[in-house]
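The structures considered in this document are given below.
Both complexes below contain chain A, partnered by chain B and then by chain C.
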Partner chain A sequence: MEKFKQLVENRHEYAKAWKAKTGGKVIGWFEPYFPEEIAYAAGVLPVRMLAQHEPDTISDKWVYASCYPASDLVNMFLKGRYDYVDGIVNVEGCQWMFNAFEVAKNTNPNLFQHYLFLPDYTDAYTSKDVLRSELEVFVRKMEEWTGNKITDADLDRAIDVYNTNRRLLRRIAELRRADQPVLFGSEAMNVVLACQVMDKAEMNDILEKFIEELEERKPAGDRIRLMLLGSETFDTSLEELVEELGANIVIDELDNGTSYYWNEVILQKDRLMALSLRYLGRPHNPIKDNNWRRRPQHIFELTEDFHVDGVIIAKQIYCHLHGSDNYAVWKILRERNIPFHFFERDMTMPYEETEQRLVAFMNMLRPGLTRLVGWHQPMTI
Partner chain B sequence: MGQTYWKWPESCWLSKEIDWKKAEKVTAGVDVGTTSAQAAILCDGELFGYANIRIGAYFKKAADLVITQAMGDSGMTLKDIGAIVCTGWGHRNADYAAKFIDEVHCHAKGARFIYGPEVRTVVNLGGQTCSAIRLFDWDRVRDFMMNDKCATGFGRNVEMMCDYLKVPVEEIGKLSLDVNVDPEPVSTTCYAFADTETLGLFRQDFRAEPLSENEVYASHLFAIAWRALGVIGKLQPLDVGDVTVFKELGFTGGLAKNPGVTERIERELKVSALKSEYDPMLAGAIGAALLA
Partner chain C sequence: MAKGQKWETKPLDSWNRAKELRAGWQKSIERTDKVVGQGNNTWFLAFPAVQVIEDNPAGSMIAAKSDSFARKSRLACEVRGWGREICGYNNTCWGGQFLGYQDDGSKFPYRQFVVPIPCVCDSHTKRGEQVKDFSPVPRWQLDFSMYLGERDPDRELAMYDHKTYCTIKQVNDMERIFNQEFDDEKLIKMMRSSSEVGKYRSDVSAFMRHIPAPLTAKDLYSFFTMGMLTKIDPDETVRFWKMFRDEVEWRVQNNIAAVGNEQFRWMEAHPPPWHYLKYYRYMEQKYGAVCIGSQYVSGSPMMDLDGSFTGRAYPSYPSDTKLETREDIFRYWAGIEARGPHTWKMDEYLRPYALNEFAQTYQADGALLGLWRSGVGCNLTRKEQAKKLREAGYSVMLYEGSQPGDRNDMDEMRFLDQLDDWMESQGFRPFTD
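Then we have the complex of A and B:
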């Protein structure tokens, strides 16, 4: 577990070392729909701009009342934590990340920057063509910026590396379906986060070995099986708290969790169309799931496949995407008698408050859950 | 020192009919909340003694004091109590308790004791939190919702406002109902905004028809009821369909004794809450003792 957590924590050092080793460029991306394969095909290292809470003295001036991940990103960017990034890209998505992107762009005019439009109506008749043309523009801009021609062979190689990564992550997800999974939710989340900030080819080797280790591991015992929904988070404090209380998050439906790797690129002659279809066909977040056509059903299928006892919906305060789908998601969960608990959190999760509500929720799922007094002592079921 | 309007009366009681030494099972529940602490002692499932005190700044002291007061002069000591369960936000201060059970389950269980087995929806209006609990017909929690950080400011906020406005905390609720029409509630975003806005209502001499004092109280308490309604509204609907129906509602917590809040909630939900002779503040402690 520590290995992947450290990879996430040391992501800035990793990217700097990668640059020194390869002489390549690093591009930071804000939104989960960013087509990393194109950047990778151009020889650039795409890294997710992950927020990390630090005492914030400057972001309020720029992005007042944004969600905390977005304002934390601004804070980090202005403090120079991302000074190794040579370019930034945002994909049409949430307004707060767009604000963070704009601040990063305007305060660093020398950076390569690109805004990629991705239709909100993802399953409209012309959406795939619109996105394909946007990808074509992005390919041209990347070629101009890097001076490297992106050939079909480059794209094939990149798609292969990314698909391999997705397949490996799906293998890890499958291990979480076991009655007694061998890994915890926090560990799984750190694995996915690490994948977003590292060279995928290098990461794939690490994942291969990790899966071998997992197959030898002993299960963590009988625990309440939970699913995590809601806004993106860039730490695993909630997962860790859940584990401390005697449960385990066996599946999530977060943009930077399973949704990041759930579907692959199905190759076709027109590589950009293949990419367009992949990103339009991935599990959507609320802003891209027009008319709630897919997301509630996808959530329900995950609850079934992973045999969850209950669902935690943790929304970031000021997140304007999540919460708008309460009607559809709550409805589908209630119709199927799947217990859930909804609450709002921010970047610094209040331990006491969250613990109180989670203990109550777990007690609701498995009555008789009590804890010996003394806060270091684990829950007994 | 002048009158402190926020100080609600503390209480303790000891049964004269029950001989605890003859009881087969003696259990206790201690609910250390954010503004008050309660302890309840049960002998074979019957209430033997209780105490209800204000906390102030000393949680540990309050947690020790409340159980001592509940035992009173009965001769009982902590060793005589078979099991002690603590609950509430300050439960860690009751280090003499054997185990902790969450406040949702304690209030649900306590509400069934106080209001009878028919209670289906429990609304805990606490010092700084509000939770709404939906129960199955049997003794299981079906769903619950708790307020988030920005919606705090329930009981403690009323206490503070009573000091600002110089009106006794036991009277503000009744006074707030003595209005022809409820004015618009003050800000429901957070209690700090609400307080500023409420105090601002007294300064509005420029208004053609300034609000009376009672109308200002009504405006403030309506905002609290509104916030509680937001929490209640998220609960799982009782009946099939999208319409949430509230039946057999029971209030617990300190604000349950404030009709300015409870009657406004009842009016909006179109229900009459269940009544009981027990102090609704004791629900958490009684529930904890029952679950011990």
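Then we have the complex of A and C:
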């Protein structure tokens, strides 16, 4: 478990070492809809701008009363934690993250910066075309910035590396469907987060070996099976707390969790169209899930597939997107008798309060868990 | 500005006509024989029996009229999962949907379709989800395509196509679903009137630079909705705006003040607390302090893409362009909106930085800036810009509250005390002393 957690914690050192080794450029991205394949094809290392809380004396004047991940990112940026980043890109999405991007851009005018429009209306007939056009612009910008021509072969190579990564992550996810999974939710989340800050080709090698290890690993025992929903996560403190309490998060539907890798790029001659369709077809976060929603049904399917006993919905305070989506999610969970517990948090999770809430939630779940009380045992009347 | 200066003042003649038009609109939305929807596009008027009601003003009005109902409304949303800190306009309005009645006890006008305006902020984009999640009515999303940096006309082409296609699909779907014929001729007429009204709005905006101010921010908020949130006949809209514009020009030429003892001109930056507009009058009557608006309201029609207020080049109706089909019309409109002068989303990312320019151009003496809790579109770089205003010699007061449409957390008495401190710290004394 420690290996991936350390990779996430040491992400800044990793990126700096990567730059020193390759002489390449690093680009920071704010939204999980960022088409990393294009940056990767240009020889650039794309890294997710993961927020991390530290005493904040500086963000308030830029992003007052902001969602905490965004203000923590501003704090980190202004304090130079991301001083190794050569460029930043924001994709149309969460407006809090756009604000963080704006501050980063305006306080570091020498950085390469790009705003990529990705329709909020993902299902329109023309959405694929407008996104394809935007990807073409981005290719051009990357070529100008790096001086590297992005060929079809470069894109094919990048798509292959990223698809491989997605496939490996799906294999790990499949292992979590077992009656007694061999890995915990915290470990799985650290794996996904590490993938977002590392060179994917290097990460793929690590994952291949890790899967081999997992297949030999003994199960961790029967536990309450939980699902995690809500705002994006930046650490695994919640998953670890759940594990301490005797449960396990066996699946999530977080924007930078399973949704990050759930679907692949399906190849076609027009590579940019293939990328466009992939990003428009991924499991959506609330801002992209409009009209005839897909998200609640996707969540329900995951609860079935992963035999979830209950759902935790952890929303970041001030998250407008999940604040606007929870009604539909609560509704489907209630209609289908899936117990859930909702709470708000910020970047620092109040440990004892959350612990008490989760203990109460699990106590509520236990009597109904036929699997745990032993449905195959002889009845004692 | 010299203290003690007295200006001639006179009520606006346009008020009576504005009230008539507004009352007519109110009556029209109460008609039950129309298809009622959530939305704000002007082109809905080209349907014979479609009425749109935007939750933005509805939420503000509820917050202003009844604190207890507004609280009940928000709670009705919160217990169903809606975030307590999402846009106050949303929860204050849509709680009535769950409760089944409005603030006056009448039945809630359930919406039969939704077309959100995907502009400015995430809450706008998600606007109307309450309706859609409540019952399976049609909802048509639109995108407000935008990008940053140098203008790139080639980049905009796909955005025009996208916007044009989505809009035409909405219209065609609505014709089929609601069995109503869309009037393309009326649409062309609306486009012309929109173009003319745009010019009049710019003129009125420019007149606000004058000392004494011919209008106050309250007037702007009332009049600038005419033909927009308050949807009226296109010809009537143009006639009204011409009358209003001419009257404001006359006031400027003759130094007719909105506030006769104007001695301090202050600006804002974003919408006010709609539930507590009393502070405008408080400042006028107690200190002769007049609010000249903001880069959000009075400056908006004048703001160019470089953030200056030198004038926005509104495209006029192109007489050399053939508009023969519905697609022609909507493509032309999309062309204006995708990145051009009406691009609200771009504005939203220019506005936060344009405070000093506004203060200078509109001859402000000070700024009263709201810090809205969770105001994702209202707070970007707010305190940094306050610092810049102070550095340029403008007096600035910051105050905190929940969002403009949400009166939950705003301490109104403290706010008035702050205003007194602010004015007195600049050497002003209440007229009553």
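Please note the rule applied: the second predicted complex is superposed on the first by the 365 of 381 C-alpha atoms of A that agree within 3 Å, B and C clash if a C-alpha of one lies under 4 Å from a C-alpha of the other, contacts with A are read in each partner's own complex, and residues count from 1 in each chain.
FYI, a contact is a pair of C-beta atoms (placed from the backbone, for glycine too) under 8 Å apart; a residue touches a chain by one contact, two chains touch by 3 or more.
None of these values were measured; they are calculated from a predicted model.
Chemist: Which holds for A:E353: it touches chain B only (first), chain C only (second), both, or neither?
Modeler: In the superposition, A:E353 touches chain B alone.
Chemist: Check the residue A:V8 against both partner chains and state whether it touches chain B (first), chain C (second), both, or neither.
Modeler: Neither chain B nor chain C is touched by A:V8.
Chemist: Under the stated touch criterion, which partner chain does A:I38 make contact with: chain B (first), chain C (second), both, or neither?
Modeler: neither
Chemist: Check the contacts made with chain A and report whether chain B or chain C touches more of its residues.
Modeler: C
Chemist: In the superposed arrangement, does A:N290 touch chain B (first), chain C (second), both or neither?
Modeler: The second partner, chain C, only.
Chemist: Under the stated touch criterion, which partner chain does A:M97 make contact with: chain B (first), chain C (second), both, or neither?
Modeler: Neither partner.
Chemist: For A:L280, select first, second, both or neither according to whether it touches chain B, chain C, the two together, or no partner.
Modeler: neither
Chemist: Between chain B and chain C, whom does A:C319 touch in the aligned arrangement: first, second, both, or neither?
Modeler: A:C319 contacts chain C only, not chain B.
Chemist: Answer with first, second, both or neither: which of chain B and chain C does A:S127 touch in the superposed model?
Modeler: Second partner only.
Chemist: Does the superposition put A:L207 against chain B (first), chain C (second), both, or neither?
Modeler: neither
Chemist: So chain A touches chain B in one structure and chain C in the other; where do those two contact lists coincide?
Modeler: Dual-contact residues (chain A): 317, 331, 342.
Chemist: What does chain C use to touch chain A in their complex?
Modeler: 77, 80-87, 90, 118, 121-123, 125-126, 129-130, 132-133, 139-143, 145-149, 152, 155, 157-159, 161-162, 165-166, 169, 349, 371-377, 379-384, 387
Chemist: Give every residue of chain B touching chain A within the complex, in rising order.
Modeler: Contacts found on chain B: 85-86, 89, 91-92, 94-95, 97-105, 140-146, 148-150, 234, 236-237, 242.
Chemist: Which stretch or stretches of chain A touch chain C in the complex?
Modeler: Chain A residues touching chain C: 60-67, 92, 94-96, 99, 102-103, 106, 113-117, 119-121, 123-127, 129-130, 132-134, 137, 286-287, 290-291, 293, 315, 317-331, 342.
Chemist: Spell out the part of chain A that touches chain B in their complex, as residue ranges.
Modeler: Residue positions touching the partner: 317, 331, 334, 339, 341-344, 346, 350, 352-353, 356-357, 359-361, 363-364, 367, 370-375.
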